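In what follows, a single structure is set out as structure tokens and then discussed.
To keep things simple, chains are lettered A, B, C, D and E as they appear, and every chain counts its residues starting from 1.
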Amino acid sequence: MATTDSDSATASQRLDKDTREKLVTVVRHTILLTWSFIVLFPLYWLASMSLKPPGTANSLPPDWIFLPTVYNYIQLIQDSGFVAAFANSLVMVSASVVLVLLIGVPAAYVLSRYDIPMERDVLVWILSSRMLPPIAVVLPFFIIFRELNLFDTRVGMVLMYVSINLSLVVWVMKAFFDGIPETLEEAARVDGATQFQGFRKVVLPAAKPGIFSVAIISFIFAWIELLFGLVLTSFEAVPVTLFVYSFIGSRSIEWGMLAAASTAMIVPVVIFLIAVNKYLAAGLSFGVVIKE
Amino acid sequence: MSTPTQTETTPQSTFARLRDLWNDYLPYWFMAPMVAVMVMITFFPGAYDLYLSLIAEPTLDVFAADFVGLRNFETAFTRGGAIHSFVITITVVVSALLLETVLGFVLAALVAGVGSDRAKSFYRVLFIIPMAVAPVSLATIGRIMLNSEIGIIPYVINTGTPFAAPSFLSDVPLLTVILLDAWNWTPFMFIIFYAGLSSVPKTLIEASRVDGAPMWRRYVHVIIPYMKPVVFVATLIRLIDLFRTFGVVYGLTGGGPGTATQLVSINIYEQMFINNQITVAAAIAIVYLVVVVALCNVIIAKVGFEGVWD
Amino acid sequence: TRGGDGSDGGGGGGSGGNDGGTSTSGSDGELAIPLSEYEDADIDWRQFEGSSINIGAVQHPWVSAIKPAVPVFEELTGIDVVWNVLPEQQFRTKRQTDVSTGAGQFDVFYMDQVVNQFREEGWIQPLDPFFDDDSLFDEGWYEPDDLFEASRWQAHGGGYSDTWTGMPITVEVQTQFYRKDLYDKHDLEVAETLEQFRQNAKTIHENESDVVGTVGRGDKGYGMNIYILNTFLREFGTSLWTEFPTDSGLDSDGVIDAAEWYVSLLQDYGPEGASTQTWSDVLSTMQEGRAGHIVSDANLFWPGLTGSDSSVADNIGIAKVPSPADGQFSPNAFNWQISTSKNAQNSEQAFLFMVWASSQPTNIWMHVEGDAAFSVRQSVWENDEFRSRVGENFAQVTLESLQEAAPDPFDRKYPEWGQRYSEELQRAIAGQKSAEEAMTQAASIAEDIYSN
Amino acid sequence: MAKITIDDVTKRFGEGDESIVAVDDVSLDIRDGEFIVFVGPSGSGKSTLMRIVAGLETQTEGDIHIGDDLVNQLGPRARDIAMVFQNYALYPNMTVEENMSFGLKMSTDMSADEIEEAVTSAAEMMDIDMLLDDKPGELSGGQQQRVALGRAIVRDPNVFLMDEPLSNLDAKLRAEMRTEINRLQNDLDVTTLYVTHDQTEAMTMGDRLVVLNYGELQQVGTPLECFYRPANQFVAGFLGSPSMNFFEGKVEGGTLRADGFDFDLTERMQSAVGSRNELVLGIRPEDMTLHDRANSGHEFEAVVDVVEPMGSISYVYLQARSQSHDQTFIVETDGQRPISEGQHVYVEIPDRDVHLFDAASGETIHQRQLGDDAEMALEEQIKPAE
Amino acid sequence: MAKITIDDVTKRFGEGDESIVAVDDVSLDIRDGEFIVFVGPSGSGKSTLMRIVAGLETQTEGDIHIGDDLVNQLGPRARDIAMVFQNYALYPNMTVEENMSFGLKMSTDMSADEIEEAVTSAAEMMDIDMLLDDKPGELSGGQQQRVALGRAIVRDPNVFLMDEPLSNLDAKLRAEMRTEINRLQNDLDVTTLYVTHDQTEAMTMGDRLVVLNYGELQQVGTPLECFYRPANQFVAGFLGSPSMNFFEGKVEGGTLRADGFDFDLTERMQSAVGSRNELVLGIRPEDMTLHDRANSGHEFEAVVDVVEPMGSISYVYLQARSQSHDQTFIVETDGQRPISEGQHVYVEIPDRDVHLFDAASGETIHQRQLGDDAEMALEEQIKPAE
């Protein structure tokens, strides 16, 4: 990874390490803070819109400083539909993440470790499931769901979320498994572990950064999914995204509510992120343990 | 690795036999659910779209349909603006992909090198959040923020910098779409690259430092090649996702002004839900699928996805 | 629930889906409207007792306005009402999937510009048989003639259908909005002609630093820029499809003049990036006090412009849409109607609901007790209680406009060629081509679409 | 506890022209409880053979039996082996303790307490008990290697496979470990395959040595047998450090004319040589003696090239004075013998210590003679091995 | 080409109570072009010290100078070093050739042809020229190690750092490599730090040995100096294989009473001992001699425990007959000497070969005597090092 000490080309170019380190740090943080600003500004604006009193959401010059009001949030919470859909989405999306990992990660492992006949075609086939824009496949899905009695069921939505994320999980995890030396599993198998145990106890822990990354991404993909939720549900399984858009009316947009709902939707993601934060960076430095 | 059918144990009890069945055929068990889901989500929709693309108009009785050969494809390319959409889409895909890949990697590398753990965690969480803003929210709120009269962004640019803000949605719509997409999806690249970076063995980096490689060459020659599978997969998936980008762009520009940002997905949407030309939409989708599959095949063949340990 | 809260403007109910339709007033067991109001009708209200209907609706003030009254219907008929309310764009998607796959989830659904398209596909159930069924309809009680003529016309596919395609439930008409304070400041008269309007816009545009002369829909989409332009082209004396389906009329002088006028108005006195403005930008810009006028847009903006979301709430004036000095006043209007499909399980129940919902008692209650302002019934607009609630000015301007309104005739391919026509107009507004070129192009596209 | 039969096993890596034969038609019967040491140059297929026995690599041809079972189709787990990998292959995410207990958890139903006890005692034996909570990444190379070894020895498998398990340890630790491994192997009586490059380990640990070169079996025999009775020039040169000196020569009458000196073949040698013409004479550095002056006709004169003092002994690099090509040979002398570079000395090649090899095939024609006791020790080592 | 000064360097891993001192206040002056060999038990801090010199690890305290520059603040690249990592650290995604040429590409502006030439010749030297197109994953352990070594030696750095570069090679290859490294180091005259556990390498390769234990410097000196003149009991025991035998004892009059035998101290010894009471007597296995019967008063009786035949020599494990604790010592004898387990023999400890150490501190009190020539050789080795 990026290192902080100096590696100048020749002795004459040697800069004092402190100076260089400081310089590198300054440059690094300048870039990071710039991007942070770019990221934060719209988010701040979103959040501030949700906290502004009615009618001031879009005023210019902007009210940089204003008395925040939680009016919109109270409205949101009191709208039992929103809270219910929020909870509903949370359950469905979480379940789908667990399920898609359960289905996708083992398959990725097999694709990484075994010689599969026509492996490339299989991989492209898997990828093809995410190639078409959802609108192009929503009709057939609607038909399937009706036929299988999955329409407007949570189970159906969980499956739907699984299917939109499966290709991602399989591909990304295959890449991560490819980066884990097989010697580790060999050791496990020699230690008397079954293939499965070797996978579970040795490979999975080593692939943690990858697993948690795809978990986050899958969560987000499912969490912000709109079209399938729209077409494949009507009452029972309605996801929260639909509610968020319900503040975009035919002849008016409730900016405060829209912003509040959008902000509220970010919260679970942030909580999830903080919870798995440490695993994202659980690098393992195989080289220390395996002579290569 | 050994052949998939290499057995693990010699069976005794029923339980043991079951367990052996599990272990001996592990790859099959591991693949089966994935394959089942994939069959469900690819074969029928694919076949259905193909069927739609070949008929005059959808009928409730599948067999009563009137097959019209390639007429829908012809319509797609003559009236449907399919070619224009492909050109626009490719422009967006290429530029956004480049931007997001580079930005995602640079950010991941920079964050990985941050000394303090807390700062690191902070950046890690912050940089992922944009992805979590739901597309229509982003588009709706993005529109208002970019609005030339009452938007905060032109306001900040006009008052805070010596530059005059362009009229984002009408003067530079494609650029705006690309930049917004970068804001939205660079996190995807960031998170995968970051995870990939953290699994590069420390010793390799040490070796390259000892070998006298300056930082950027370490990345070019050692780290990125080591991460190749991850970089490749992230880029490919982002490429595919970019190809089918819809929500944000539709919400932001609706494909306009005129057809300046008419992505293929928007074209399909309009054919389907506005023009009510479901069959033409299906034809575009089929062409599109063929193009993207072919593209992926070419990319995979050219770049390959073998891991370093293969 | 938030349905009854007028402060959040016309947006109305924020409930997306699984609200079973119980009203606020339902909780104390007292019905919003006495059943007796309906019992005069010679309709067998209770013939479908025990069944239920599923309504697919757009996130629209009508939904929030009628919801509190729905228990009345349920009590009256013994039919359960289930709602499925979605934002407009999402609703269109959903409705399309539903009808095109023959799923028939919705017994009642919102219907709009695509009505002829749907009708020709055979997805819409004509209502005439139900009108003719004595157990379902009582003409004397219902008074169909109380409905604005424009609304009835639109319910007949804008002239393209011989039969009722649905029942109109809401109507909106284009009106002019202006800033009273700026008018006072610059001594302006409310425009009656387009020339005056342009002059007023110019005055404000040139004399106010942070305020543009006018805003208007510039973005493409058949409900966007051309919805406004269509008003002017009629006022310039032409119409769409001078010869259906061979001559779209879009390249006629009138259309080109109208387009030139609208394009130059926006270009000269409109905001930056006018070509990408949707109705929400128009509304927001006006709400923020950054524009002097809206030449013509939905009267339904009224609550939004004068409510708490608006920073200029007290200074908004409303007037009829201007017309050319030598032209004819002919504002665009738009009806939402509710229809039922051939695949629906409960079309008859649906019809009962339509009758009930658009009946006089229900309408009057919604507009007098509720915060609705979109009635398709003339009598409502003449109702004093209603007029005093919404303001005399607003009511009168709307009523007069509605009486003269000429909605667009949405022929079956209107969505398709309308989209292309609006793209051309958008290009013109963006300055990419002249209005004439754009309209000529639009004409040939439209005619071409019908030629296959 | 099982015998192992390796039957005509061949392993090819890669395909077609590119293919490498890592193991070439090797057959070997290993008795139950036997300790077999594999030696051979780098790349000679030792690890590959071991991995084939482990079931980690599938042989291209041939069969492996463990006990009476044909195990070709069985995975490592079913073969019940414990292995020390040449590259350690420690689990990076587990602590030392977890690394060591993993195998027990997987392959036995021992209780947690029993496992902990076993691990602790093995760790003590390996002198890594204070590192139990560390992750492998925090250990020194030798410590890692001991963890790898410990991970294998806590188990009670059918077969031990150890691939250079002591290569990164210091001499003292290595000696201790050697003893521990031997003791353990005796106690458990587990069939053991052991790869080493260390002369001492090869000579002292195994019941039998297996010498490989280019994937081919060169010799299988007790250590002393391989040392004193090498089957061919390769084995003779490979065992012993520094290695045996070889002198090529032509037979003329009863004399081998080497480059720089003549050597008179004894009668026994002559009869063994028969009609062969080109021979190689082999003699170990420690068997040659240096004299300051010629005592008999046997010695030849040589010049000291380099002296490598090793403490108690020194290695003297010499060149025959009258040689025509540049060839250096080594003689081991007492470390305190005064000798310096450039000095002329007289080298004696004792008849009895000489090996003769066929120059073309490398086959041994004549083995050295041994003292009675060495002979007996040799015989003794061989006998139980029969 | 640079001298290296290591100044009071300490390296601690971890913090607070958990911290480990890997390198403990080490100071060392390394001359330009010198070849320094680090030895020490596993975990004694050799690799850590080397990594500190490389700039891969930052010392907790102290300074490193390379040439005249203080390099504490410089990264490895600026220090211009080449290193063989203990764990090889080959780039798995590059071929052997790419691995070897990487450093040249990065640190020099040699042309592609020059690089290829350099790599090819280094590969030939390492005997891996036929593997140039393979990936590290396809190589045997020893081949990998040679690639790692080759990758370092193609370069022309200021300093070579080699961390057990030959540990996985067979004896023969190791001998060749040893020679090659020495030759190279002489040719290039590059300051070299070298870690090894191999006795031969330690004794023959370096100009000076550095003996570490628990991160502390034990002795710095020429190989022979360390071997013959160990600074303390640790060094004495660590160098030499098998290691020196130690017998603890109490001084009574002029006699050291050890467990199982008495040893009469010479006058010189006595004066060196002074008033000390508890001593340790050290003597190397090769310096003790075995007799079938007692010749003089010097010998004591012992029982043969184990005999380890090594070929030309055997190691005999003995226990003094009259000892009260269980202590085994080792004597090296001729490999062909008849001896068997349980046999009683008489052991002689020659006065001149005896070392005496302070029992408490381990410090050497009395060094063995050497023959004149050995003494000279020793002096000679020391001199140029001064």
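Here, a contact is a pair of C-beta atoms (placed from the backbone, for glycine too) under 8 Å apart; a residue touches a chain by one contact, two chains touch by 3 or more.
Keep in mind that what you see is a predicted model, and the values were worked out from it rather than measured.
Steps from chain A to chain B, minimised over paths through touching chains, total 1. Counted as hops between touching chains, the shortest connection from chain A to chain C is 1. When you average the Cα atoms of each chain and compare centres, the chain farthest from chain D turns out to be C.
In terms of C-beta pairs in contact, the better-connected of the chain pairs B-C and B-E is B-C. Taking each chain's centre as the mean of its C-alpha atoms, chain C lies 93 Å from chain E.
Here the spacing of chain B and chain D, counted between their Cα centres, is 56 Å. Within chain E, contacts with two or more other chains are made by residues 55, 75-77, 80, 87, 89-90, 92, 137, 141. Contact of a single residue of chain B with at least two other chains is seen at positions 8-9, 140, 144, 150, 201, 203-204, 209, 212, 214, 226, 272-273, 278, 308-309.
The set of chain C residues that touch two or more partner chains comprises 93, 100-101, 280, 284, 288, 290. Chain C contributes residues 1-2, 7-12, 14-19, 54, 58-61, 82, 84-88, 90, 93-94, 97, 100-101, 103, 105, 172, 210, 279-280, 283-284, 287-288, 290, 298, 300-301, 303-304, 308-311, 313 to its touches with chain A in the complex. Residue ranges of chain B in contact with chain C, taken from their complex: 57-58, 60, 75, 79, 140, 143-144, 147-150, 154, 167-171, 173, 253-259, 270, 272-278. Residues of chain D touching chain E in their complex: 13, 39-43, 46-48, 86-87, 138-143, 145-146, 163-164, 167-175, 197-200, 203-204, 223-224, 227-228, 237-243, 284, 286-287, 308-313, 335-339, 370-374, 376-377. Residues of chain E touching chain B in their complex: 54-56, 75-77, 80-83, 85, 87, 89-94, 102-103, 106-107, 137, 151, 155.
Chain contact summary for the complex, chain A toward chain B: residues 1-4, 7, 9, 25, 28-29, 31-32, 35-36, 38-40, 42-43, 45-46, 49, 58, 60-62, 102-104, 106-107, 109-114, 120, 123-137, 139-141, 143-144, 159, 162-163, 166-168, 170-172, 174-182, 185, 194-196, 199, 206, 209-210, 212-213, 216-217, 220, 223-224, 226-227, 241, 244-245, 248, 253, 255, 258-259, 261-262, 265-266, 269-270, 273-274, 277-278, 280-288.
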